[in-house]
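One structure follows; several queries about it will come next.
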Amino acid sequence: MNSSYSILPYALLLALLLGWALSSLDRSITDQLGQRSGVQSLKDVESQFGQGLTVAVLGGYRSIAANLIWLSKNQEWEERDVAGTLGKIALATSIDPRPEMFWLNGARILANDMPTWVVGLENAEQLEITDEGRAIARQYAERALAFLEESREYQSGNPRMHIESGMIYWKKLDDVESAAASFKAAIDTGGAPYFAYRLYGELLIELGLKHEALRLLQSHYETLPDDFLEAMKPVVGDRIRLLKRELNIAD
Amino acid sequence: MSAAISIQGVSKDFRIPGSKRRLRAVDNLNLEIERGSVFGLLGPNGSGKSTTIKMALGLVRPSKGKCEILGNSSLESSARKRIGYLPEAPCFQRFLTGRELLFYFGKLSGVKKTDLEDRVNSLLVRVGLEDAGDRRVGGYSKGMLQRIGLAQAMVGDPELFILDEPTAGVDPIGAADIAAIIREVREEGKTVLLCSHLLSKVETICDRAAIMVKGKLALEGSVESLTAATDFSSARIEGLSAEGRKQLETFAAEWHFDLSTPRRSLEELFLELAKGDGDLE
Amino acid sequence: MSVGGDKLNWSLSRTLVIASNTFREAVRMKLFLGMTGLAICALASSFLFREFNFGSSELKFIADFGFGGMTVFGSALAIIVTAQLLLGEIEHRTAMTLLAKPVYRSEFVLGKFLGVWVTVACFIGMLTLCLVLALWMRESSIRLDYPEEIEQGQSLVHYGGILWFSLAQVFRIGILCALVTLFSTYATSSIFAMVMGVLVWIVGQLQHVATEAGGVVENLVLKTIYSVMGYALPNFHLFDVGEGLAMGEALPISLVGKLLIYGVLYSVFYLAVATASFNRREL
């Protein structure tokens, strides 16, 4: 018989000792990783057992599993299946909550597409005309906002989540104040795209805070590059001049 | 000077899987192999020869006793610096060429880089593979494998060779070449421990031999003494004086029978021992 | 070490000779070539999946396939090649001739490990190269298709991040190779060593879940089992440093250093146990 087996009990003891000694290093790495991107924890996975989770948690193809589920939701999307689409979106984000695309597109589907599915494409105008339609649109907009709220844990440094919330508050719920707060949060997070500043300025103007809007746009204008179309520097410059004229401020 | 191989009171037990019993493969073996000799280790299958060789090489640990190679414990890796080993039915990395194989083992044997190329070339010639040195070992015949195996055993210029069935699968000409190499090696003062079932070969090459049966040493001595024939009708006379022998010779001449001691073959002796469980009649 | 003036020093050069031979054997294996082809095909197939919105999400998809190939195929290769090349030597008796030379068993074990590890690291390197090429091609075509939407000088892909991810996988593979080397030193068949390797890979990937479960469950037996699993095995999940690396997330040097220390300590431990085990093995 192979006497190599006789060292296994000692090896196991030493392995336990090593694991214990390295547990603080393990925690340190986990904390650093957790801060950067969502680390899958037990509570995230336990509700999803049996739904192809085994492949997902193997790590190597977790992202691909989530991506494939996301792609497969297109089937339910085309069939205008509310429950099916919601289920796939929830599964994709629980398997891999890191891609912003899941949260942004999921929120857009909730806020824009699902109300139309509920009332029917031919009755889409009811969402703005009738009380019942408006209630359905409101309901799904609030669900989209709650969905985006879930993403905060995994997307804490991402301004786009706040921007998406701001757009829903503004366009779907007509809540300019909340929309402005969301855009401010996006700008404060850092790394917000150029249009976020312009839209925040418009919202401040709508709220009657024209001085604040002017200060914002002026400071933003200084940072804009001359040769990048999307920065829309001339447009921002025109808006500043218009605001100054309205506020009777000399150039 | 210490013996080339010194086996003192060595036993080896193997645990039988699924049972508390043990199988004794080698039982209290005592063997000394002198330097500069060719020693044949014989025995039927399962007699403990391979286990003895593995203990000599340090591949297996004795359950009892000790084993020394050229004065060093066989369990130490340093003992193998001066050993060249050819296993039975050798297997080598198939993707290597013969030349690459010798380079590989030469490096592991500690041959200096400056000497290695010349040594490899000369060994390929010596074993008759100079034309096949650049072919992959995977395409070698059985005989070619034995030859390259012998070459890798020699690459480190060892003092002690342990050859397990060196002529197995080799044609008679090749076998004769290998036997000639063994004799050359002995002339160089090196020691050879040879295991073989081709007893006629062992008889012609070896100085001394030992026969193992069921893990025990049944017989050991010079080949000449071992092959001195016994006749079923021969008489065993102990303590015969010179005067007594003279009288016996006179008696034999009168009665017309031969008093000489005819030789029997080692094969006959081997079969007698193996069938008789280690006891000579 | 020895009597009579004979000394045999432990030699790195003998170890490297064995490692180099192992590497040569490994890259010739059909399995290695097959896995490499499969992983590249999987990466190429990611081009077939197009989402509605192009741009960074599509690039992330391609990156995910590449990273997935490195971890899954790389891990499978590490397990199979280590078991086959180490146990294969014992099963085919080539180890006997080798160990009859003046070679320490620890040199043999370490040489085998290094040979396989370098082989799988080369596999990851090749896949990294293919991934970088695939992403660069797609990024270039996106720039051509949507020039106004991408700022001049802005990169959609963080190629340095891809290299960091690959490096993290090399550390992970090192631990896995060392573990399978350990199993191979006492296993009697390569299938057993491979099965154990796969089990440890899965359990190691879920180790963080086991640790958390150990703190949550009340049943004492289960609690002990989860805790033992949590401490006895390495946490492979640590090396999932985030596919977001390719999309610009920064990886602190301190994190790379910690992963290196973690990887080295576990690898050294398993190799030490493997050597002790192999020293006692009878061939």
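Each chain gets a letter, A, B and C, in the order it is written, and its residues are counted from 1.
The definition used in the following text is that a residue touches a chain if its C-beta (ideal position, glycine included) is under 8 Å from a C-beta of that chain, and two chains touch if they have at least 3 such contacts.
None of the values given here were measured: they were computed from a predicted structure.
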Most remote chain, CA-based centroid, reference being chain B: A
Closest chain to global C-alpha mean, per-chain Cα centroids: C
Of A-C and B-C, pair with higher C-beta contact tally: A-C
Centroid spacing, where centroids are CA-atom means, of chain A and chain B in whole angstrom: 78
Cα-centroid distance, chain B relative to chain C, in whole angstrom: 46
Approximate Å spacing (C-alpha centroids) for the pair chain A, chain C: 33
In chain C, residues with contacts to at least two other chains: 282
Residues on chain C engaged by chain A in the complex (per definition of touch): 49, 51-53, 56-57, 60-61, 64-65, 67-72, 75, 148-149, 151-152, 182, 185-186, 188, 202, 205-206, 208-209, 212-213, 216, 228, 230-238, 240-244, 249, 252, 254-255, 258-259, 261-262, 265-266, 269, 273, 276-278, 280-282
Chain C-touching residues of chain A, taken from the complex the two chains share: 2-8, 11-12, 14-16, 18-20, 22-23, 25-26, 28-30, 32-33, 36-37, 39-42, 45, 57-64, 67, 70-71, 98-99, 101, 105, 225, 227-230
Complex interface listing, chain B residues touching chain C: 2, 54, 57, 59-61, 70-73, 76-83, 85, 87, 90-93, 95-96, 104-105, 107-110, 149, 152, 156, 162
Complex contacts: residues of chain C adjacent to chain B: 1-4, 6-8, 13-14, 17-18, 21, 24-25, 28, 92-94, 96-105, 282-283
